[in-house]
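Okay, got some structures for you below.
Same chain, two partners: chain A is paired with chain B first, then with chain C.
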Partner chain A sequence: MADDKDVLRDVWFGRIPACFTLNQDEETEREAEPYYLLLPRVSYLTLVTDKVKKHFLRVMRAEDVGEMWFEYEGTPLKWHYPIGVLFDLHASNSILPWSITVHFKNFPGQDLLHCMSSSVVEAHFMSSIKEADALKHKSQVVNDMQKKDHKQLWMGLQNDKFEQFWAMNRKLMEYPTEEAGFRYIPFRIYQVNGTHTSTPLILESSQGTEKRYQVVIHGIEPLMETPLQWLSEHLSHPDNFLHICVVPAPSD
Partner chain B sequence: MSACLLGEESFRQCCWRFLKLSDRLRDGWSWEPLQGSEEGYMRKTALRSVSVNSGPTWNPHGSRSDKESPASCHCAAATEQADVDGTHDDLDPGYDDGVVSGGGSRVLRLEYHILYSCSYMAPVLYFRASTLEGRSLSLDQVWSCVHPSFRSRLQRSPLTTITQQEHPLLGQPFFMLHPCKTEEFMRPVLQLEREQHGQMNYILTWLSAVGPLVGLDVPLKYSTLQPPASPPEACLQPS
Partner chain C sequence: QSLSLSVTAAQMATWRRQIFEQLSERTKREVDEFRHYEQAIEQCVWVKKGTM
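Up next, the complex of A and B:
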């Protein structure tokens, strides 16, 4: 599949322009300017927003600063979903840059996982990779890797190093030549009104009727006849899951 | 080898049998169906008295120390369903030691969920803890509730241990004991079981192994009571 390496590259370097604004209710010593950032689609909010935090801490008193969290139009953003998924799920029809509100108090512990350091992101990321490999290869590939191999996957993501990541991730994408593909395809489906699920759902046939839903991966609508195995190898996130958003079709 | 995995249908049957016993023991477990689907989970809430001491919080990751008062709790649990007669006769007496030490004590509300993981083909234990006023406990505080004799063992392998995760059916933050080693530690038990043609309940055996890590005890009576007249087939079908 050497010809498709460009796809891997395009997926990895997908970016979303975002504008971070401090929540109006935060106590500040002077006015906080918004902060603009290009967010990598395949990364995690808490992994790429150190600069955002630094920027807003400059206008705040230390005692007013709790755990940082993000919100879009009233919805707390779950940092443990890849950034691209959050955008496709909540904001795909909004204008760019994506406007995200930053909070430093009233952490919504009922909705969001705590994330006090990047080691929490690492644990979450590695746990997803392990789960995906349990489905794909009965955990054989990930268990055969050494600790430094796991580290290479993580460092590749953390430092946005495409080559470093894929030199190792390639192994997770292999399957025996006598098989047609992975044992199972790891995927998660997201809908706005519910939680994500691993249970297949049936999309209504759009023949003759107006299309009500869009199936979106990395911001695009793949053709419905695309082989799942190909999708899994090329459009999976670095955590080795296909993250599929089912969102209402735009009305215009 | 794969016969040591638990199929989803077997999971449901094991839960059904477990719940029958729980009913008789008035142990407080229930089945919570997810609306509009066959999916669901087993749930139990319990109150635990926790001794509050002034010692340093045990901290697995060496991160910031918590401002909250550290709680160490290795105490007897009591089900919220008042009637606990007889169900705790079999508690390991060593487990109660913590009650006498330290100054005051307070009560925690613990909520345990048992879900099925189709990735690992194994049951998974989710739980959350809060004070009676409804304030949730942090991961550090939860860690300090793990019995000291289990801590060092869990500590060595951070990925197989307690983490905060999204509850797959509710979408809310819960703590979870990672299932990726479940098959490994269940295998010898299941093989022995098969050789002896026994009637073991996977969920019961598994829960008696992982539950005590997070203060959830499974009374011995589950094993000494006559098993319920089973629904369909035995629980341990090779998958």
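Up next, the complex of A and C:
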């Protein structure tokens, strides 16, 4: 049987094939071809779409270009959710590649946070790591790290460097041997209405009845008896939170 | 007794095996057919060839 450490690699190297298409209402000087990319599930849209932006700017006038944002079937995609969460939440039962529409005007400020540079993503990412460590270790681990250690976590994610990231992240995953695990498990639960919560959610038992919901983490459905501590250590995102999507079961 | 200690070895094997199998299926579904796609993040190459 595979080693538990293999799960960390599978999680890190998860990819979603995506087809980016320019919104039909954008002003262009010539036709914009779609752009195909393999997106890292654990990263953020605004961090990994420089190539998409460059591709579409070639056919647009500078004065028609506002802040870039993304939409899937009418839903603006929140860049501060991990890419894999956005896919599992909105598109997990759709045909691949994931079809994403690119916009450069009419930024939906009521739905999306602005993100003009990667430093905004970095601030969000580091804030989440600190929040998670407050729950797991009363902030002791993250506070004991130096600034260069924080930078190593961020650069690992930004440059898709698994070894660099985990050399530091393993410290955030440790706990005293006399304790059974973390003080609290950092998690976020997402539902299709676009909200996320850290409060308990009661799922009705599906035994003997038709399954109404899927509980999805990284595109898979772990069994309900999987220990939460193990899930937290192995299936957390780089921000150290377990991101759990509750989506309607496909009706076949 | 904690939950993690109360599960039997057989149950543990079941949930672990199920996660490994599903991750493997996920790779086949989401990656294997699309390996010809460009990666969003280029792996840095610090030494580049060029003419002066």
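The rule is simple: the second predicted complex is superposed on the first by the 249 of 252 C-alpha atoms of A that agree within 3 Å, B and C clash if a C-alpha of one lies under 4 Å from a C-alpha of the other, contacts with A are read in each partner's own complex, and residues count from 1 in each chain.
Here, contacts are C-beta pairs under 8 Å (C-beta built on N, C-alpha and C of every residue); 3 or more make two chains touch, one makes a residue touch a chain.
Source: prediction; values computed, not measured.
Asker: With both complexes superposed on chain A, which partner does A:P227 reach: first (chain B), second (chain C), both or neither?
Answerer: Second partner only, chain C.
Asker: Scan A:H114 for contacts with chain B and chain C and give back first, second, both or neither.
Answerer: first
Asker: Quick one: classify A:T75 as touching chain B (first), chain C (second), both or neither.
Answerer: neither
Asker: Once the structures are superposed on A, label A:M126 by its partner contacts, choosing first (chain B), second (chain C), both or neither.
Answerer: The first partner, chain B, only.
Asker: Considering only the touch criterion stated at the top, classify A:L135 as touching first (chain B), second (chain C), both, or neither.
Answerer: The answer is first: A:L135 touches chain B but not chain C.
Asker: I want to verify the contact counts: of chain B and chain C, which reaches more residues of chain A?
Answerer: Ranking chain B and chain C by residues of chain A touched puts C first.
Asker: Just chain B (first), just chain C (second), both, or neither: which does A:P186 touch?
Answerer: Touch partner of A:P186: chain B, not chain C.
Asker: Just to be sure I follow: which residues of chain A are touched by chain B in one complex and then by chain C in the other one?
Answerer: Shared contact residues on chain A: none.
Asker: Which positions of chain B touch chain A when the two form their complex?
Answerer: 37, 39, 61, 63-64, 118-120, 136, 138-139, 158-159, 163-166, 168-173, 178, 180
Asker: Provide the residue numbers of chain C that touch chain A in the complex, in ascending order.
Answerer: 2-5, 7, 11, 13-20, 22-27, 29-31, 33-34, 37-41, 43-44
Asker: Applying the document's contact rule, which stretches of chain A touch chain B when the two form their complex?
Answerer: Residues 78, 80, 109-114, 116-117, 119-120, 123-124, 126-127, 130-132, 134-135, 139, 186, 194-199 of chain A touch chain B in their complex.
Asker: Would you pull the chain A residues touching chain C in the complex into a rising list?
Answerer: Where chain A meets chain C, its residues are 1-2, 4, 6-7, 10-11, 14-17, 36-40, 43, 48-49, 51, 96-97, 158-160, 180-181, 218-223, 225-227, 229-230, 235.
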